[in-house]
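Below are structures written as structure tokens.
Both complexes below contain subunit A, partnered by subunit B and then by subunit C.
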Partner chain A sequence: MVILENIGCAVIKLINSFADIIYFAWKILIRIFNRNTYTSAMRTVLIDQIYFTSVQILPIFLMVSIAFGSLLIGVLFLQLKQLGLTQYFGHVLMGLIVTEFSPFITVLLITLRSGSAINTEIAVMKVNKEMSALEAFRIDVINYLLVPRVINGVISIVLLSTLFSVVLLGSGILFSSLIFGMSIDAYSNVLLNSANFSDIIIALLKSIVFGFFIILIPVRFGLQASHELTSIPIVVSRGMVNVFAAILTIEVLSLIIKLF
Partner chain B sequence: MRNFIKNHPQQAALVSIDIPLISNQSVLMNIALIKQYHENMPTAKVEPIVFNALQRLNLENIAYKRNPDLNNEERFFVMLLRAVMVRNALVIIDRPFKIIPHLKNIDYIFQALKNIEDLYVNCNIYDYEWMREKYGELSK
Partner chain C sequence: MKREVKVGLFIVCTAIIICVALLYLANEKGFFARNYTFTLSSQSGDGFTEGMPVEFSGFTIGKVQKLELNDKGLVLIKIKIPQKHLKWIKIDSTFTLYRPLIGAARIIVTTDNLKSAALPEDKIPEVQIVNDINDSIEKVQPLLDKVTQIAENLERVSSKIDVMAGKADVHVFGSEGTMPQVNKILKDVNGKLERLNPTVDNVNKISTEASEGLKDIGILRSNVDDTLNAVEDVAKGVDSIISRKKEPEIKLP
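The block that comes next holds the complex of A and B.
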């Protein structure tokens, strides 16, 4: 009986948490599509956030993309050759690497770097009463602090996952020439023939949804901090666990959409 | 004080230890934020206004510092300048000696208020009864 009760409590908690995130997402979405949100102050924060998330990370991101991308493409091409599936390498490259791996790896990197940073930043601001300071000056916290961060998440994930795909396709030129003895022209032709418009749209939509939620969830949990310093690690760990759960959920949902 | 804020919600501009500066923004952006947000003033237009206000208190050298790098006086004056950026500001200074505890009397703050008197409409200072002597003649 106690076990059942515990399971019920956990399920209710999970449903409440999910409903809370969806309601918060709706509130943010309404503000994103409201022209009045885009004040000079908000635009300044947005530019700063894009710089912190997309520009500052570039050297490390490029190094990781080149190292990981080359390794992945090299291993994949070798396997395809060994299995005699050379003719499918275009489909594998576009269907698996560009539309699945690029957004996924990008979202993991950005979550680890910026998601955790934003979660902590918001929690620290709450603890320091900086949110109250903004409210005292009649500055809307959602418009000024939260919306720019969420928009930045969407822009950064779309741009960085595109960059990741470009780097991967770039390493593909080198490895297709080394492993299959293929020219750049032939390689480009194979890629163009394998590119599926709907796959690219799904990948783009997935990046947008990823970008939206990997910032929204840390922000939401950051806001749940109390005025005690000890609440910071609690909300940060909760936020990050929920972000990873959201990443997996979005990944599974996109796969289901693709199947139909 | 609460009634005063309630009666003037658009003009009330608080300077209080409970209304801290935003720690991840520079002094410049903390002050500029008010005009950027309320009047949608572009950064290029608001920066000269903020620098002018900082110069009046000889604080232009701290424009790019952040809250943790400021001493108590600097922090108080930045809070004050942030408050006067509110349109037709009715400045409310809440327990100033909590922000600058080592000050012997209010004269230092009055001098600063005089230097920027054209930037606000009115200023009220609220403090504990037992701090009366620090306000000298003014408290009578």
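The block that comes next holds the complex of A and C.
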């Protein structure tokens, strides 16, 4: 009976947590589509957030993209050549690398760098009662603090994953020439033949959903911090675990959508 | 450079990249081009799917738009070809459904004479079917037959060996078999050997006694040797006495 009770408690807790996230997401979405949200203060915060999340890490992100992308493309092309599946390299490049790996790697990098930072920032603000201070001055915390961060997540993930794809396709030119002896014209033709418009749209939509949730979840868990300093690591670790679960769930859902 | 400018530059540049890439792709995929629809026929719809690519010289020039079954039971395959690829579809073009062993099936267009007249939209050419899977199975079939034959032979040999093993078992381990007889012989031999043990002891005893007797014979022999030497000396003495006499003849009493 105790085991059953524990299982029941865990499931109810999970469902409540999920419902809480969905309700919070709905609240944020309503604010995003509300014109009154976009005040000058909110726009300043948004620009700052985009600067910290995307522009500031751009050189490092590009270097990581070049290194990781080249390695990935090189290994993949070599394997395709060894298996005699050269004719499918376009499909692999577009279907797997560009539409699947690029958003996934980007979201992992941004989650590790910015997701954890935002989670901690919100939790610290909560502990220091900065939220209460803002509310005392009648400043809408959701509009001023949360919405810019979530919008920043969407914009950053979409733009950075596109850049990652561009870098990967650039590496592809080099490796297709080295491994398959392919000219740039032939390479672009193969890519165009393999590119599926709907796949690219799904990849973009997936990036938007990724960006929304990888910031929304840390923000939500950051807000759950109590007024004790010891609650900060607890909410940060819980938030990050939930973010990774969300990333996997979104990946699986996008695969299911692609199947249909 | 101000922070706002950097952010603006980043967003605008990346947004331009995305838009240009999408527009280029849409244009190349014929999103803005006029499409022509041709109808092909086949006896069976097996292997055809909506959205299947139509290829010419390895390049995708269109796709299957719709599959229909007409009143005569023929499968009608409607393919959509953008205007820019219309030049590859001629009246003498052949359409082949290619189903590779690995990878997706596709319709391959082959045009021998590119100067021929264009294919009218109301003409319905038939699709030939090339099936790598069936071809492979046909190629592998004789080999499979041989393997089956070898397996049957092996089974036959194995059953024979089983029968032989049964018989050998009866001959070797049966009540009248070799092994019980060998056991019986061994028991007999064992009994006889046990009976031989006292005899061997006696022989050993005799041998010991004979050995001791031989020692006595040695002493006896040395005595005999001494006696013979003495007799020889006496004979020599007698011989020397006889040789000194005038008449060597001795008269015995």
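Note that the second predicted complex is superposed on the first by the 260 of 260 C-alpha atoms of A that agree within 3 Å, B and C clash if a C-alpha of one lies under 4 Å from a C-alpha of the other, contacts with A are read in each partner's own complex, and residues count from 1 in each chain.
Please note the rule applied: contacts are C-beta pairs under 8 Å (C-beta built on N, C-alpha and C of every residue); 3 or more make two chains touch, one makes a residue touch a chain.
As the structure is a computational prediction, the values presented were derived from the model and not from experiment.
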When subunit B and subunit C are modelled together on subunit A, clash or fit: fit
Under the stated touch criterion, which partner chain does A:I200 make contact with: subunit B (first), subunit C (second), both, or neither? second
Write the angle, vertex at the C-alpha centre of subunit A, between the C-alpha centres of subunit B and subunit C, to the nearest 10 degrees. 160
Touching A:T39, do we find subunit B (first), subunit C (second), both, or neither? first
Touching A:V55, do we find subunit B (first), subunit C (second), both, or neither? second
Output check: A:L192 vs subunit B and subunit C. Expected answer is one of first, second, both, neither. What do you get? second
Partner chain(s) touched by A:S132 [first = subunit B, second = subunit C, both, neither]: first
Looking at the overlay, does A:D20 come into contact with subunit B only (first), subunit C only (second), both, or neither? neither
Quick one: smallest Cα-Cα gap between subunit B and subunit C in the superposed arrangement, Å? 11
Report the residues of subunit A in contact with subunit C in the complex, numbered from low to high. 47-48, 50-51, 54-55, 58, 85, 87-88, 155, 158-159, 162-163, 166, 189, 192-193, 195, 197, 200, 204
List of subunit B residues in touch with subunit A within their complex: 9-10, 13-14, 18-24, 29, 33-34, 36-38, 40-43, 46, 82, 86
Which part of subunit C faces subunit A closely enough to touch in the complex? 3-4, 6-7, 10-11, 14-15, 17-18, 21-22, 25-26, 28-29, 31, 58-60, 102-103
Would you pull the subunit A residues touching subunit B in the complex into a rising list? 39-42, 44, 121, 124-125, 128-130, 132-134, 136-139, 144
